[in-house]
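The structure's right below; bear with me while I get my questions together.
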Amino acid sequence: MANGRVRMTYREALRAGVREVLLREPLAFLMGEDVGRYGGSYAVTRDLLAEFGPERIRDTPLSEAAFTGAGIGAAIGGMRPIVEIMTVNFSLLALDQIVNHAATLLHMSGGQCNVPLVIRISTGAGRQLGAQHSHSFEGWFAHIPGLRIVAPATVEDARGMILSAVRDPDPVLIFEHMMLLGAEDEIPAAIQASDLDSARIRREGQDVSLITYGGSLFKALEAARVLASRGISAEVVDLRSLRPLDDRTVFGSVRKTGRAVIVDEGWRSGGISAEISARIGEHLFRNLRAPVGRVCTKEVPIPYPKHLEDEALPSVAEVVAVAEEQVRLHV
Amino acid sequence: MANGRVRMTYREALRAGVREVLLREPLAFLMGEDVGRYGGSYAVTRDLLAEFGPERIRDTPLSEAAFTGAGIGAAIGGMRPIVEIMTVNFSLLALDQIVNHAATLLHMSGGQCNVPLVIRISTGAGRQLGAQHSHSFEGWFAHIPGLRIVAPATVEDARGMILSAVRDPDPVLIFEHMMLLGAEDEIPAAIQASDLDSARIRREGQDVSLITYGGSLFKALEAARVLASRGISAEVVDLRSLRPLDDRTVFGSVRKTGRAVIVDEGWRSGGISAEISARIGEHLFRNLRAPVGRVCTKEVPIPYPKHLEDEALPSVAEVVAVAEEQVRLHV
Amino acid sequence: MNPESRKFHHPMMRIRRFEEKCAELYGEMKIRGFLHLYVGQEAIATGVMSVLTPEDGIITAYRDHGHALARGIPMREIMAEMFGKSEGCSGGRGGSMHLFHRASRFYGGSAIVGGGIPIAVGLALSDLLCKRKRVTACFFGEGAAAEGVFHESMNLAALWKVPVLFLCENNRYAMGTAIERELSRVDLTEKARTYGIPALRVDGMDVRAVAAETSRAVEQVRAGEGPFFLEFATYRFRAHSMYDPELYRNKEEVSEWKKRDPLLLEEQRLRDEFGFTDHDRMELEREVDREILESVRFAEAGTLEPVSALLSNVYKRGGAGWRTEG
Amino acid sequence: MNPESRKFHHPMMRIRRFEEKCAELYGEMKIRGFLHLYVGQEAIATGVMSVLTPEDGIITAYRDHGHALARGIPMREIMAEMFGKSEGCSGGRGGSMHLFHRASRFYGGSAIVGGGIPIAVGLALSDLLCKRKRVTACFFGEGAAAEGVFHESMNLAALWKVPVLFLCENNRYAMGTAIERELSRVDLTEKARTYGIPALRVDGMDVRAVAAETSRAVEQVRAGEGPFFLEFATYRFRAHSMYDPELYRNKEEVSEWKKRDPLLLEEQRLRDEFGFTDHDRMELEREVDREILESVRFAEAGTLEPVSALLSNVYKRGGAGWRTEG
């Protein structure tokens, strides 16, 4: 811990965030499948049971709908529940509770029943887990009014976002990308909340904006490095929040560069990439020097074999190619 | 029945379509909540039980996940099941079966297990049914590879689409808009299948393309009439299929008019409207004379009171205003 | 007025006549959307609510007028809600199926069959965690027992011993589906017991039986013994909603059940045991009708939320949640 | 070789040693993704499959190697699948959790706990509607009993009397969650009976008991008496998957159960009753190892699908389903 900074992994940061919430907020508790005795399917919650006990680290049965619904009820009852859904695909089993209930209760009750619920969901592909364990639904969830959707891409956000989420009066879904768990970074030792609304410029550039979030941020940053070596200066925008989208930051970047490439691990058609592209088209019609590019997951359930999975997912090479084309063809 | 044509409502056409399928295809059967003795929640399936008996018109328990899953199984077992989900919101209870299973089985099995399942779903708002009965999720479902999504807007498609759907080897979701049930039209007496892939130009025009589907088609047509009276010639494209999207027809229209307004009862952000807008931006970057416009449902769970529900939904006046602005400001 | 009639008869009559008025107003198109009447089932909400305290929580489904009235939500706020007015108990946003009243701990009003059940478990969990001696009463129909989430919730509640009271109103039909076509075995209490939840079947037409058995059950739940399950045998006298042609049941069955009308039963008991007279009855009716009339007037006079407020109530933290709407 | 050992011992040994090889190959990174071993539970798949006919259908979950092998899917196709090769039984697209083999009516391989259960009900429904005398065998773990869809499916199967055989492999853990923390009451057969489904608990470590009881159950199902439920008491000897640190159970429990290793039990029986010798055992091992070796060779030599084929198998009706991919 030099100069008040610590080195840790994204996984450790997630754990530190949950731990801090439980320390600061007596009404908070965590529930989900195997968060306790097993230590968390991806070892994120390891040791928390020993520290906080089974009242606050609650192993649930395999009942995604019921324990998510129970999270809604507990939130209405004044608690600050954190529900963990082990893998994003399983969230579909709780979708009625999330979309028909958590997202509507405030509205249907005319403002009486807000639902201060946090749902942590592991998302993304890349570990050859196949077609039922590799979806990226965060952009899809972002369609639903009443929900807030965030996707920490950095170690600092992995720790800090949950602190804001748990204080938010509305349901917040945090999508944690599986492939980032081992990523390391040096961050301030003092734990601070990260805001849930704003996008961040992770690298400044002049020629093209690479707009991304979550697991794809590092692909975009890598692409920017490659592009730099070819004389193209790419700006990298980390959306951080998918609902709301921080249009101001996105538009500001694209207004400057005149070109945008969206990198999204969700499927292309009807993904959040489409929304960002549409908004840019609507607002920066006269500023755009090239059509907005999209590098997304191919429209196929994620295949098991490595070479096909790799081919299905957005790659650095694709980002570079699309960005280069934009700059070369549309000057 | 003059000149081999008959007049019927959309509701009657839906019934005629299901009936024709059951007459032609011995392996087809219908199952869903209250499709039999009750006569269908919206009276679509009235009298079918008497004609086809309880083996083929199966009332199910309130178990959306199980009977949708049973539809998948029966399809794999060689049947041609038609599952009815009473209201689109309830489809969320079956989403694991639809998205994690029906849409992935062909892929996960390396092409061995196709799922020739038809799911009919009542969709849309407009009857003051509030925040849990008024969603429009068809565009949302269109994000999922492995599914085919269609939305009949006309009486003829209401009857004909299911005939193609039941012969399709893949899962087809048919979204039937609640507000169209009473719409009447004269259609050929001879029952024919309608294709599931192509969009249709429902009205030709030169100045702006109104791109829409389902319950919004009539709003777009009405808007086109109003626009005509103001000297603006609007072309109306009925998408019919949301997955796949018929880019050729859409692009052809927009290439001609240079302007596009998408009318969609789904919420705006991350809706199918975004995808269409993004594709137009990508492909017709140099042809577009104005930024693509979108008239969608406001981002709020549908409120109960009439004046607020009306305000939430796309209106003819909005379509007219957006189209007019496009033509006037971007000449 | 006969003081004993205050207890159960008056509240039941309020519900009955309120809903008859609602049906009328539906015909006049003052009330729209779906409208599910509780006629025939009044004894259940009335009996149950009579033994709950203001600290207890309520979750119910879309057939919720009876529960709302019996819980003490002002009738006029309920009526205004049906009219879609700002003065309604859900600010007009919910309508008939989504009555809410936080001050009464009345948390709706879910129109997804079974959807409220896990939420009730969570409410009860919050009481358990905060060591509050509250009970959460969770109403649902027998149709909900076919939904998976019913089972998940039973299991979770039993496993965690949360103070929730499951109240199944078995009116024998889920829309047009008779219970025998809904459930392979129709004994709901047996299902509850499979989770280790004590369960009892109660005559849902006898308001005093409802109150007595609920009282015992509540005591047990409040004492920390975990969930309890009550199945009420009842019947809905009217159509499922205003659109139902009732093709699925015959008139004899309906009239057979109407002989056990909970209001008639209770009135007979009042006459037999508590000296209830025709005059009492008239007085009662007059009072109830006055209240209903007043509620209609209140609703009529209510205000429509300005359309400019459309995007409110989506996020508590202000705004529509999206910076720009494009 | 001892002919009696062909029946059960050989198939079980095939599974055991195949999976031990898989674990090794996982260490070598030849197999990736999640890998769930069936070690300890071999008697169940082996016993059940021994009494099914080729016309019967199979549905299982992600812990599916044992079922696939016992069903007769060629070992080399299973191994090739784990290697992600085109020659795999799912064309390489599925991997360990998604084994499919249409010719064997083996329909996977769902990695969503409980997800396959309603699909099995539907498969059985298709047989019922087509008046085929087939049975659908549906395997799942005890953890699935907490999922709502398990209950919905039990109810639907019982209500419609479809010819499905529910086979619950109760190995006492769902990942790290012991059954006592999963289910408020742990008797699975009781749950089935609540739906009117006849149910029996069977020693899942004794392959002959498994075969005998399954045979009786299958007979009943095939005779048109509707679903049947078998709960097999068993234990998984290894970690849940390759990532599991096994913090949730102690070594004594594991070694206690290992005393009832189904392979040991059957081998002892063969020795006691059928003159099985050390020589038989050696021969058997040699044969099995040869097959495994050959399967690895086959898998190694298999081909990787060209990346240009990525978008195939999304729609049967050709193409990726979208005219333009932009």
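Letters A, B, C and D mark the chains as written, and numbering starts fresh at 1 in each.
Going forward, a contact is a pair of C-beta atoms (placed from the backbone, for glycine too) under 8 Å apart; a residue touches a chain by one contact, two chains touch by 3 or more.
Model, not experiment: these values are computed from the prediction.
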| item | value |
| --- | --- |
| Far-end chain from chain A, centres as C-alpha averages | C |
| Interface with more contacting C-beta pairs, comparing A-C to A-D | A-C |
| Averaged-CA centre spacing for the pair chain D and chain C, given as whole angstrom | 46 |
| Length of the line joining the C-alpha centres of chain B and chain D, rounded to whole Å | 40 |
| Rounded Å distance, chain A centre to chain D centre (Cα mean) | 35 |
| Where chain C touches two or more other chains at once, by residue number | 92-94, 98, 110, 112, 115, 146-149, 152, 155, 159, 181, 183, 313-314, 320-322, 326 |
| Chain B, residues touching no fewer than two other chains | 61, 63, 65-66, 89-90, 93, 96, 100, 107-108, 130-132, 145-146, 243, 245, 269, 278, 282-283, 294, 299-301, 303 |
| Residue ranges of chain B touching chain A (in the complex, touch as defined) | 89-90, 92-93, 95-96, 99-100, 103-104, 107-108, 130-132, 139-140, 142-146, 243, 245, 266-267, 269-275, 277-278, 280-283, 285, 288, 290-294, 299-301, 303 |
| Chain C partner contacts - residues on chain B that touch it in the complex | 33-34, 36-39, 41, 43, 59, 61-66, 89-90, 93, 127-133, 268-269, 294, 298-301, 303-308, 311-312 |
| Contact footprint of chain D on chain C as seen in their complex | 146-152, 154-155, 158-159, 181, 183-185, 190-191, 194-197 |
| Chain C to chain B touching residues, read off their complex | 32-34, 84-85, 92-95, 97-98, 110-115, 143-144, 146-149, 174-177, 181-183, 244-245, 247-248, 304-305, 307, 310-311, 313-314, 320-322, 325-326 |
| Touching residues (chain side chain A, partner chain C) in the complex | 29, 55, 58, 60-61, 63, 65-79, 81, 96-97, 100-101, 105-114, 145-146, 148, 168-170, 197, 243-248, 278-279, 282-283 |
